[in-house]
Amino acid sequence: MMGTYFAGVDIGSTMTKVVILGEEPIASFIGPTGPEHRKLAHKVMEEALGSARLAFDDLDYVVATGYGRINVPFADKQVTEITCHAKGVHSLLPSAKTIIDIGGQDSKGIKIGNGKVLSFVMNDKCAAGTGRFLEVIADALGVPLSDLGTVGLAATAPAVISNTCTVFAEAEVISQLAGGESVPNLIAGVHMAIASRVYAMTAKLKIEADVVVTGGGAKNIGLVKALEDRLRMPVLVPAEPLLTGALGAALIGRGLYADAVISGEPVRRRAKRLGEATFFS
Amino acid sequence: MGPGQIRGRAMAQTESRGLSRADRYYTLYGSRARELKRAGIPVIGYLSALCPVEILTAAGVVPLRLKGNMSEAITKADAHMETIVCPFVRNVFDAAIKGQYEYLDGMVMPHQCDSMDRTSDVWSYNLNLPYWHFLNFPHTTDNPSLEFTREILRIFIATLERFTGKKITRDALNAAIQSHNRNRSAMRLLYSFRKADPPLISGTEMMKVLVAAMSLPVDESTALIEEVAGEVGQRKGGSAKGASRIMLVGDQIDDAAIPETIEGTGACLVMDDLSIGSKMYWQDVDATDDPIEGIAERYLRKLKLPTTYVSTGDTYQENLKARFGHMVRYIDEYKVNGVVLLVYKYCDPYGFEVPAAKSFIESSGTPVLYIEDEYSLSSLARVKTRIEAFLEMIAP
Amino acid sequence: MAEIKKPRALATQAAGKAGKFGRANLAATLKAKEEGKKVAYTYISNGQDEIIRAMDIVPAWGENFAGICGAKRDAEKFLQKAEADNFSRSICTYATCTIGFDMWREELGRIPEGTPWGGMGRPDMIIGSAQQLCDPRIKWPQATQHYLQDVPVWVGSMYYPPWDPHVDHREQEQLYVKFATEELRDLVRFCEKHTGRKMDWDRLSAIVDFTDRTWDLFIDTYELRKAHPTPMDTGDAMNTMVPLTFNLGTEEAYNFYKELYEELKGKIAEKKGVAGDEKYRLVWGAGLPSWFALGDFQYFNDKGAVFPAEVTYRNAEKVERLDLPKTNDPLEHIAWRWVRFWTHWYDRARHRPGSIPKVERIIEYLEDYDCMGVVFHSAFSCRSWHAGIVQQAEILKKVYGDVPMLIMEGDIVDISSYNEADTHHRIDAFVEALEASRKRRQ
Amino acid sequence: MALAVGIDVGSGFSKAVVCEGSAILSSAILPSGGSYRDTATRVADEALDKAGVARAAVSLWAATGYGAAMVPFADLTATDISCHASGVHCLFPSVRTVIDVGAQFSKAMRLDGQGKVTNFVLNEKCAGGSGKFLQLIARMLHINVEEIGALSLKSGNPVAFTTGCAVFAESEAVSRIAEGALPEDIVAGVHKAMASKIVNLVVRVGLAEDCAVTGGGANDAGLVKTIGEEIGVKVLVPPEPQITAAYGAAQLVQAKGVP
């Protein structure tokens, strides 16, 4: 028996995502991680199990990934989001060679070859080019985060945002707004600024097509378009760009489980319970 | 991350005397120098691997390499020093003006980089110590440079003599050179225990020994290193074989939090090319008729900091070998399968090296993880994730 | 993306012509091949210009190229090119901008389209310099060679005795001069090797002599700016420095300052100033300018603030003031001139307890040019000129008095930390402080 | 006697003060929102309504702050630096050092006996010492910025932040919370981090007593207390620190009259 159900849980800085896998993905759920972090992760898992009509014990193997993966009491193993994104994206879009993930607290570039990570970069100690940047700007402009993308598309002449520091870029946006610059132009300018930062970072990997964009940023059509302009090539966006990490985690779990079964070794599993995750040890 | 707990684990491993002394000297950094100061021996602090400690030892003072503290936020320095200065230099300066080194009688600032050269006045002005010397090492290594180096070393000696009121004799210099060579070979022996799989001494323990060693008079330092080597030599090779073996490359990485972060991922830190590590210990001072000759030769030509312009080699490839070849030798000797290159933000000398160093090491078949960071714990959680991803990437 | 920025209104004709020097210097590097001349990447204020000129080598100045990219607000593409190969954004952007351009030119085998002013030609050699004040001048050549592996690099040392209130630098000058002279001699050997021609020592002596006269003329010209109203300020000086900085030892440079001298005389006669109503005279105390924001000098001028004197790019002095020992060796003369240029402020600093040479220089300009405030610029990517400014301000306050001071923050080439609204806001507040202090003086 | 209105159009909030001589008749505060121009008018009208005064009765208008240029009807515009100085000087003539903790920038100013600015230092291109830091943390803790001060005063052992970057301090705070740190210790830690940056500005401009704190940050008792501890002198706080610049503007325009 190769095992039947596997789960991947991706605990990001703002959202927790769970994918449950049988032969195919059978359920997924996205819920807030919560400001206190990780506290709500198990709730998201419960939701996902609920929609899959499964009990926690039905899961043969659980892999946790993401910012809050450490000390997840209901995971057998932790794997970084880098490896998981690569695995997940490869399974959905095998042609992918470069992944650009724009998350809440950080953004990363990953170069992959048949599902394995060849090299990767993460943004340095600065929120420029992350979703956080978008949140701050959305707040400042009083535009819902989810609308930034479409609003930005209405731009006639994108504003030039020169500051990369999130806080000062916000100041810059506010003063340009006060100076009469239009909201769409400002948003488009911010998208260009982020695209430029993300590009500069990802270029270290020698970008190759196909390029896949994941993470919250991928849901922002304006940002995706700005990225395509900067990359001078079209990019692919998975149907569920937030779930690729969790999907990859589940796939890795299934793989480990299968390997162990084939090699006849006992599957290395932890006695786990569906409880609150704590922070790093 | 919670370094506290990881540190706790590291402590638990150091059950033996030498290692726990090293741990104490690491934690209470400079405590021994403070004692000696109370006993009336002057303490001279210095920055950088470029300071010829042989001369300080010969002068009868206690040389103390100043160390930073990554868990201490920089709170006072910014009033006097730009934030575009090397974060390590800022961190130590911050500690100094907060009085952490109040027991210093003086300081030597070797001319390593702009961050030291351009802030030398800021240090001397704000610390106002009885003795201050800016040791103006050149960055080139041709014969005129060597001749010049000898001269500035003589000037350095003269200022020390004026300060201590004691002549620094040729015999004292030769004796100091021998002691420091002994110290270096003792450390090299300790390093050799890292070749085992798994290494007999962890990177975290090693970091504490390295830091402790630079806070002690040379003979005490040697005794400590030999004691630790004795203990480590007794250890039976652990069972956990096959973990990734990492080499750490950078300049003044002197905080155990970094090796703890690396080893917290399950990897072993087995070698380094750090200016408080192997860079300090791999090159001895040759015995020469005029001891100044040997000292000048060692610090100008053998000690290859990025601010020393290496012109060796007829082709660029040969030049790269001359600059980075030793790292590839380490990789081979210590069976390293991944290199972490950690460079501080605002560091021009190392910053300009990154593409060349990275590609040279990678062309030898060993992957490199390049991290640019501040001198602060705040980003280590992020750094840890990168290292874990790096390990997953290089895992067979 | 390149932006069209309305150029600063120049107060002098000469400043307008300075741009031609920059263009001509770049063009020369592109024409050199067909003229059978060798091109050398080299770096400013290294004391090497005269040797390079005497050897008929065409200098290609990275600082000039990067500065132009910055001024055109068109550096980002080169900075990102360098960043893509892991050059940090926090290190010298003169270097990373130029290296990004080099990488690109090597990839294409030709100058990338849209490179400002046609770009720089591929060098036949790179001449760096290790010295007191700039690590990038050792590391930049080395890093460039990573992309131009066949191009030979030479790096020599040009040091001067470090400031120490308790040490008489005269005891050390000989040592430093000897060292610098030998290094320059090695540079001559390097140039001879890679040009295949011998140094014409008489010609070098003539050029060295000519440089002395250019230095004198330059200072005489700049001292005309003591006039009220000042006929020229730092906004122009950031242009008029070009011949001294990039064309030292050439006729053109000397004639440029002759013209400027006459022009300033004329303005003084007509009492033509820089600002409509000259209210506040300021010293540009330290820092390379933000090349992408030279318009900020205009902003000062519009508020009646002018800069009759600046430390930046005033890398010359009246030669007699340096009191150089006689020598028939032009290299030794260069060395002495170099060392004394840095040390001749030391005595003043020693006579004012708690002071340092850099502050003495500012005080001298405050007094000689009748200025009431100091402005500094702190560029985040450059430690060599910009680390220590906070302390200069602190010491100036302690040893001289509480003159109004402003430290602006930005960069030389990288616009990403610059915010015009914020910068102008700071200038406005500074001008209000100047006004208050002016009222107090009256 | 003639009435003067001072309007401070800041990047975060706009404030208006109606003055008769040095007496404050009324004041109003509104978020700056979309257009500085409209906000300036609205906040002025609100203040005038409170004072029951008609626009026509106002003889002098003064504008300051980021959006000062957006107040076309102003008889005088001056930077918030001079206006803070003037405002503080009128309230506390003995003050020689003013610390203004604004939304984006913090400033330290030195005043002469007439309340004129002799020198000033703004925070570097880092928001670590600005009110923004407090906003980010409040947002993360799901509390109002106003509650931070009182909360901070309860703290037993402030969290030691290892970063000066406001944005990353936020994620560091998140981790500390998850590690069990109490909200009061987080905000107290933020106050320490901010205070050390602010005090560096004071050191650079040169501290002279008396010292006053103004701007939005001065509403934060915890921050004010921490700043006081760090510089080691008692700090004065205007009754309504946020309107100090607007008040100062009104004082300046009266002193100068219409040019």
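Letters are used for the chains, namely A, B, C and D, taken in the order the chains are written, and counting of residues starts over at 1 for each.
Quick note on the criterion: contacts are C-beta pairs under 8 Å (C-beta built on N, C-alpha and C of every residue); 3 or more make two chains touch, one makes a residue touch a chain.
What you see is a predicted model, and the numbers here were worked out from it, not measured in a lab.
S.K.: Would you mind checking which chain's C-alpha centre is most distant from the centre of chain B?
M.R.: So the farthest one, by centre of C-alpha atoms, is D.
S.K.: For this structure, I'd like the pair of chains sharing the most C-beta contacts.
M.R.: The chain pair sharing the largest number of C-beta contacts is B-C.
S.K.: Between chain C and chain D, what is the gap in Å from one C-alpha centre to the other?
M.R.: Distance between chain centres: 40 Å.
S.K.: So the centre of each chain is just the mean of its C-alpha atoms; given that, what is the distance between chain B and chain C in Å?
M.R.: Once rounded, the distance between the two centres reads 35 Å.
S.K.: I'd like to verify one number: the distance from the centre of chain A to the centre of chain C, where each centre is the average of its C-alpha atoms, in whole angstrom.
M.R.: The computed centroid separation for chain A versus chain C comes out at 47 Å.
S.K.: Which parts of chain D, given as residue numbers and ranges, touch two or more other chains?
M.R.: Correct list: 66, 124-126, 163, 168, 175, 179, 204.
S.K.: Which chain B residues touch at least two other chains?
M.R.: Correct list: 2, 79-80, 345, 372, 374, 378-379, 381.
S.K.: Where does chain A touch two or more other chains at once, residue-wise?
M.R.: Residues 125, 163, 165, 168, 171, 175, 279-280 of chain A each touch two or more of the other chains.
S.K.: If each chain is a node and each touching pair an edge, is that a line, ring, star, complete or other?
M.R.: complete
S.K.: Which of the residues in chain B come into contact with chain C in the complex?
M.R.: Checking each residue of chain B against chain C gives 79-82, 84-86, 111, 113-115, 117-122, 125, 132-134, 136, 138-140, 142, 144-145, 147-148, 151-152, 155, 159, 306-307, 309, 311, 315-317, 319, 343, 345-349, 351-356, 358-359, 370, 372.
S.K.: Please output the residues of chain C touching chain A within their complex, sorted ascending.
M.R.: Counting only chain C, the residues touching chain A are 1, 3, 76, 80, 83-86, 415-419, 421-422.
S.K.: In the complex of these two chains, what residues of chain C are touching chain B?
M.R.: Within the complex, chain C touches chain B at residues 85-88, 90-92, 95, 128, 130, 132-136, 138-140, 142-143, 145-146, 149-150, 153-157, 159, 161-164, 167, 172, 175, 178-179, 182-183, 186, 356, 378-384, 386-391, 394-395.
S.K.: Provide the residue numbers of chain B that touch chain D in the complex, in ascending order.
M.R.: Against chain D, the touching part of chain B is residues 2, 70-76, 78-80, 83, 374, 376-379, 381.
S.K.: What part of chain D is in contact with chain C in the complex they form?
M.R.: Chain D reaches chain C through residues 66, 78-82, 105, 110, 112, 114, 116-122, 124-125, 204, 206.
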